[in-house]
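For reference, chains read A, B, C, D, E and F in written order, and residue numbers begin at 1 within each chain.
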Amino acid sequence: MNRPHPPRVAVIEAVARALAEDIGPLGDLTASLIPADAVATAAFVVRGDGILAGTACAAESFHQIDRTVKVEWANDDGDTIVAGSVIGRVSGPLASLLTGERTALNFLQHLAGIATLTSRYVRAARAGRRSTQVWDTRKTTPGLRALEKAAVRAGGGANHRGSLSDFILVKDNHLAGLSITDAVARARSMWPGRTVEVECDTLAQLHEALAAGASMVLLDNMTPVEVAEAVQLVGGRLPVEVSGGVTLDTIGAYAAAGADLISVGGLTNSAPVLDIGLDLID
Amino acid sequence: MNRPHPPRVAVIEAVARALAEDIGPLGDLTASLIPADAVATAAFVVRGDGILAGTACAAESFHQIDRTVKVEWANDDGDTIVAGSVIGRVSGPLASLLTGERTALNFLQHLAGIATLTSRYVRAARAGRRSTQVWDTRKTTPGLRALEKAAVRAGGGANHRGSLSDFILVKDNHLAGLSITDAVARARSMWPGRTVEVECDTLAQLHEALAAGASMVLLDNMTPVEVAEAVQLVGGRLPVEVSGGVTLDTIGAYAAAGADLISVGGLTNSAPVLDIGLDLID
Amino acid sequence: MNRPHPPRVAVIEAVARALAEDIGPLGDLTASLIPADAVATAAFVVRGDGILAGTACAAESFHQIDRTVKVEWANDDGDTIVAGSVIGRVSGPLASLLTGERTALNFLQHLAGIATLTSRYVRAARAGRRSTQVWDTRKTTPGLRALEKAAVRAGGGANHRGSLSDFILVKDNHLAGLSITDAVARARSMWPGRTVEVECDTLAQLHEALAAGASMVLLDNMTPVEVAEAVQLVGGRLPVEVSGGVTLDTIGAYAAAGADLISVGGLTNSAPVLDIGLDLID
Amino acid sequence: MNRPHPPRVAVIEAVARALAEDIGPLGDLTASLIPADAVATAAFVVRGDGILAGTACAAESFHQIDRTVKVEWANDDGDTIVAGSVIGRVSGPLASLLTGERTALNFLQHLAGIATLTSRYVRAARAGRRSTQVWDTRKTTPGLRALEKAAVRAGGGANHRGSLSDFILVKDNHLAGLSITDAVARARSMWPGRTVEVECDTLAQLHEALAAGASMVLLDNMTPVEVAEAVQLVGGRLPVEVSGGVTLDTIGAYAAAGADLISVGGLTNSAPVLDIGLDLID
Amino acid sequence: MNRPHPPRVAVIEAVARALAEDIGPLGDLTASLIPADAVATAAFVVRGDGILAGTACAAESFHQIDRTVKVEWANDDGDTIVAGSVIGRVSGPLASLLTGERTALNFLQHLAGIATLTSRYVRAARAGRRSTQVWDTRKTTPGLRALEKAAVRAGGGANHRGSLSDFILVKDNHLAGLSITDAVARARSMWPGRTVEVECDTLAQLHEALAAGASMVLLDNMTPVEVAEAVQLVGGRLPVEVSGGVTLDTIGAYAAAGADLISVGGLTNSAPVLDIGLDLID
Amino acid sequence: MNRPHPPRVAVIEAVARALAEDIGPLGDLTASLIPADAVATAAFVVRGDGILAGTACAAESFHQIDRTVKVEWANDDGDTIVAGSVIGRVSGPLASLLTGERTALNFLQHLAGIATLTSRYVRAARAGRRSTQVWDTRKTTPGLRALEKAAVRAGGGANHRGSLSDFILVKDNHLAGLSITDAVARARSMWPGRTVEVECDTLAQLHEALAAGASMVLLDNMTPVEVAEAVQLVGGRLPVEVSGGVTLDTIGAYAAAGADLISVGGLTNSAPVLDIGLDLID
């Protein structure tokens, strides 16, 4: 399980669910028209530049349909891939290839789309400041978190919380129930050893979070100028995350303002697919 | 189960899966800091214009966390909603509201995003030709087909195949194994009573499909001019679907060219989210 | 996945469920008495004439218990098999063979029973009219639809709807809510491209269905004479399905009356098992 | 959980699975044509005489589709029901009633069919000997064991082993690995406190089983005359089960020959459905 | 499936669940730091004397993470193992070994702990009376019954009921609803062929149980002297089980008093783990 | 979801699994003997002093069997409970109470056992140093992590990692692949914002971990004297965890030596059950 791949158990389960919904109770009606002895080889061809992700899901899609199908990859998750290149091949009974095609491509296109968008944000952020990292959020597609978070890693991004169990992030809505100072104190006592991050919408809140002993602060919906001021106030004592309406156009400015981490919900909930097709070659 | 809603069993299962992955083994660490007796009411506020979808999933998200939470909707799936309006309210223990917020919004934003994009395509298509319909595809997010297809209906679109079991669609890759004529004949014999659609990339193929007795033809990657020529050739004998790189800019021209159905993969795999937030109001 | 086999994902899931319920928490008490080093070969022996179905489930039953068991088939789903013949062999640890025997046979006997009964209806229908096809229904055993529908195909029958998502079938009970004309119009508008079948219990309804533009009609509970009259009225404009109390004795007459498709609920909900045993041969 | 009902957890799971396979990804296309405000009441009407079973599954089918549907029963599992009588009513949105109808009836018809067939065997057996009981087998439909075994109880039959974990039954195939004497001794030692039943195909085997201390014997494929001889040999020392090709015509003779228990695989794997319909009444 | 191993389906499911909860949505963060090409071999080393159980679960844990990992056992479930010995080896990518380590050890330590404690009770019981057997109970850890019952067998114990479906055990609380005599009579009639055990807290109850025709009696919370008296009263007519606060110190006396079976809830719900570690050796 | 309770989704799933394995295919044979109209009330009575946990699971066990059963608690998770006290009542059909009794008690006894043992460690640790906290580990029973971690919280302990996704813990085995310095640097870069804990078996390693910028250190298998030396070296710069063979007898000394957190695997994998019974009272 190297870094940009999702856990294998997550891959197996997601593919089983996807095939169950796509194949239906009667199987692939159209593929059943194909002569049973027809075999073929098909190539995964990239139709746009981007970053690859989702190879494990694509291969598993064919294997769960027909164990005799062979899948070979020329590239791996995290690789830069360019339009026109062949990133892998699949061979076996033609009917099995056609039945698995759509599910395999749905995974590849969606996950490579996320990796590709992430890599653009990463590049733009680094243009502003070398060490700034791009973080995802919990704004993932329901049921696909493990796969999408791995795709973000494939694109060079880093993962914010995987679940609400990971660490503490006190947001504005939580403060309806208690103060920043109390929240941090309780978090330290109830959940020792864990990161305690506090969202700060004002410098006053930032002062309070620093005094309370937060491990990290989240500056939400500030301008780059405001971020720079806040970063100066923090003075390197702890990492500073920036979030809220950050775009490819503005991320560089936020990074240049000193943000250590910039989180972008759009990485996982609004990435356009990367166009990848499956062409019969034999 | 009225038309734009997904089957209830699909809602329950998708929400259970989403909560399991978001809550994690320890529960919501941050919400645990909130005093147990804090209660609140929050409003779902729309931050952009669009079409609503996903209300059943959002409500179910709160109910599976805490049966005492109340959810009330001012709008239903399929409604036009405008930025700034309150589409629903949720009230109950503050900790439960905060724990369910992200999952509920992930469903709402994703599904309303699909409904909204669909409605734009529908409007643009109708501008070209009143009776043209917009169709989705099987390019859905793995595991969410039932929900996304319902969101397309909420947006005024229609559903192409729900699964490979629905009806026959002979595509170019299938023709590696058999001719159009043979494919239609086999389909009629093996799967009587079902729609048999044939993809035609040339007029010669279209002639063959018509002669073979297809129920519907799919014109793939043609220009509007080519589509118009094909439509004339078909002469109203059967419905004509158009697909392949159709955009909001071009769909009107394809509709005007006489397409009965225009399918757009991007409805489900590339729709940006509709921004919807949850604001504490009490 | 050739035509008479169920989707592999359905096989794996159905077998896992069947084994879980048959093996129980302690395992096979009786097989545990067998010496651990006892190995054996057993033959699947047919004890009645019929059509084979269910081989994938039977093999999977042994494999999920013990991956070292080998299963080899002399016949495949859809083959005509005669009493006394050996259709396959299974070899491995004796205890594993005995543990899997009942589950494997339950699948084989049930599914081959369906295929066999189907083939009888198919033969009887063809005696009446060469081109008439026998259709199954949604009257399947809960949880086994994919397997039973595949068994019908193995027996030479064809599959009616796999689920309520496949196409439209307006029955008498639906007409409590709307007219045939309205139903067809709505169906065409809401679910374009799909078969719209209408149940007609009278010639008046048949007239209305034809005028409304139905794709197919279902004549329910008519006599062969009434069917012949209706078929003449339809005049080949669309396929005619006949259903309702059709038996092996009457199906030929219905076919001769011109029915294109005759659906029989009993194929899947009342087929007696085909007797198949597992005899130790070594 | 009174005796003839299946465990509630089994009902919930079986219904969820059945609905998932019947409703499909798009929902009930035909029911979606019905006006959303149409409500109705329908009656479960029996179309043949028999014994009721499956009410819990039928009710659950509607509840999982739409919690507003009300189901009321005039009869319960185990009741004798006669053709023409109304055994229950269901009321709510017409679309929900139509969507649930087939699944509810599939359960009712299948399970009532088993209960009905069982009751016939029970009556025939008792005609031969008052105290003889009718036993089911493990020849159940894969995935439905708990429901089918409850239906047998509803019909007045008793349950043989629920799974291979229940007790020991040494059959002829087991004797390929060890002798009756050894089998009983091992069973007593390895699985103390449990019933140890031994299949005897000859009187010699019966002698051995009695000497070995079996708790029960199974006389397989004997004639009633042979059974009577064996019963005399057993002399009331332990219960005698008879199995193998027993029919409604022969069960009385087997009972009269002294069998305590007569097991019939056909109860669960070959029972014809009991015809039950759902008629709109309002 | 030889006697001390759990059914394979139970192993696969329990391991999948354990890995899902331990790996989480992001995978093993720490293992991701390891160079991808690092491979290793590790030894399962026993750190206390005991009885082995759980090898199938431990091996499956690694296989579900990474199919390239190899696991080899020097010992099998049921073997006596001594502190310091190597009972198995696992080799493959270092990251995979580290990710699977905890789950594999959790199974091994827990199940070997149960086997070890069982073996101590077995030895102590046999010291009192050679033929007395040690029985487990239904006091198992929720979700792990099949695995824990197999571990009891590995330790030389025997299994009491696997589930409430196995046989009848009338306890004091049941007698709130009916008498011993009625309970046994009903049980014989409703569940023929099955063991009917009756808990007796007094000699009067024991008399009633014997007269009623129970198959076995359970003497609960008696002293060894009381047990001896009861055993004499039973006079070998049926097996006698003893339960209630039996410890390693007292089990010998209960056995010597003539108990055939002594059940101990602590075997499964209070066994300390057997310390087993995984040491890198290469 | 207040702090000491497990997430509701985890409770529902664990109970469903536990009931499925305990009830079996035929249901509760013994409870079926009880007259159907017998109702009762029973009290959960504590038979030892301890801390309560598991009430949600116990209540859910009855509700999943029979929705008419009422459960009322006098105490909640985290409460101190004393031998002889009644902590809750359950009332409804006697058969339902008896069927659910064992599963409910298995959860209660196991989880209250963990809470109770935890509270003893917490008290002993605080006797050494007021602010020292007791941490659990990932040595949980497979499949029950969420429940057991909540029970630790009920007992006053805190939760270490919920899964491998939570944060980084570099142990000795990881150092086979890379140095402490490299591990921390990689962790900071790959998983920003997260706790990076490093196991130190020597003071040299501790120096390296401090220099590398670890967030926390784990001192494994050191004596209290060694711990004190290490704590002095750390000088309050970061939290210090101690683990390795800590017992109730030694935890005070480790706390007094300055450990901030002391982790004890035995909390979850070796806690004896707390004896709680269910007594019929009406």
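What we mean here is this: a contact is a pair of C-beta atoms (placed from the backbone, for glycine too) under 8 Å apart; a residue touches a chain by one contact, two chains touch by 3 or more.
It should be emphasised that the depicted structure is a prediction, and the values quoted were computed from it without experimental measurement.
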Going by the stated contact rule, which chains contact chain B and chain D alike? A, C, E, F
If you take the mean of the Cα atoms for each chain, which one ends up farthest from chain C? F
Roughly how far is chain C from chain D, centre to centre by C-alpha average, rounded to an integer in Å? 22
Distance-wise, how many Å sit between the C-alpha centres of chain B and chain C, to the nearest whole number? 32
So what's the Cα centroid distance for chain A and chain E, whole Å? 43
Expected list for chain C, residues touching two or more other chains, is 3, 21, 23-28, 31-32, 95, 99, 145-146, 159, 162-163, 165-167, 190-191, 194
Show me the residue ranges of chain F that touch chain E in the complex, using the header's touch definition. 14-15, 17-18, 21-35, 38, 40, 42, 57, 94-95, 97-99, 101-103, 105-107, 109-110, 113, 138-146, 162-171, 173-174, 176-178, 182-183, 186-187, 190-191, 194, 266, 269-270, 272-273, 278, 280
So in the complex, the part of chain D that touches chain B is made up of which residues? 16, 19-20, 23-28, 31-32, 36, 64-66, 95-96, 99
Inside the complex, what are the residues of chain A that reach chain E? 1-3, 5-10, 145-146, 149-150, 159, 162-163
Which of the residues in chain F end up touching chain C in this complex? 21, 24-25
Residue ranges of chain D in contact with chain E within the complex: 3, 133, 135, 158-160, 162-163, 165-167, 190-195, 197, 215-216, 239, 241, 260-261
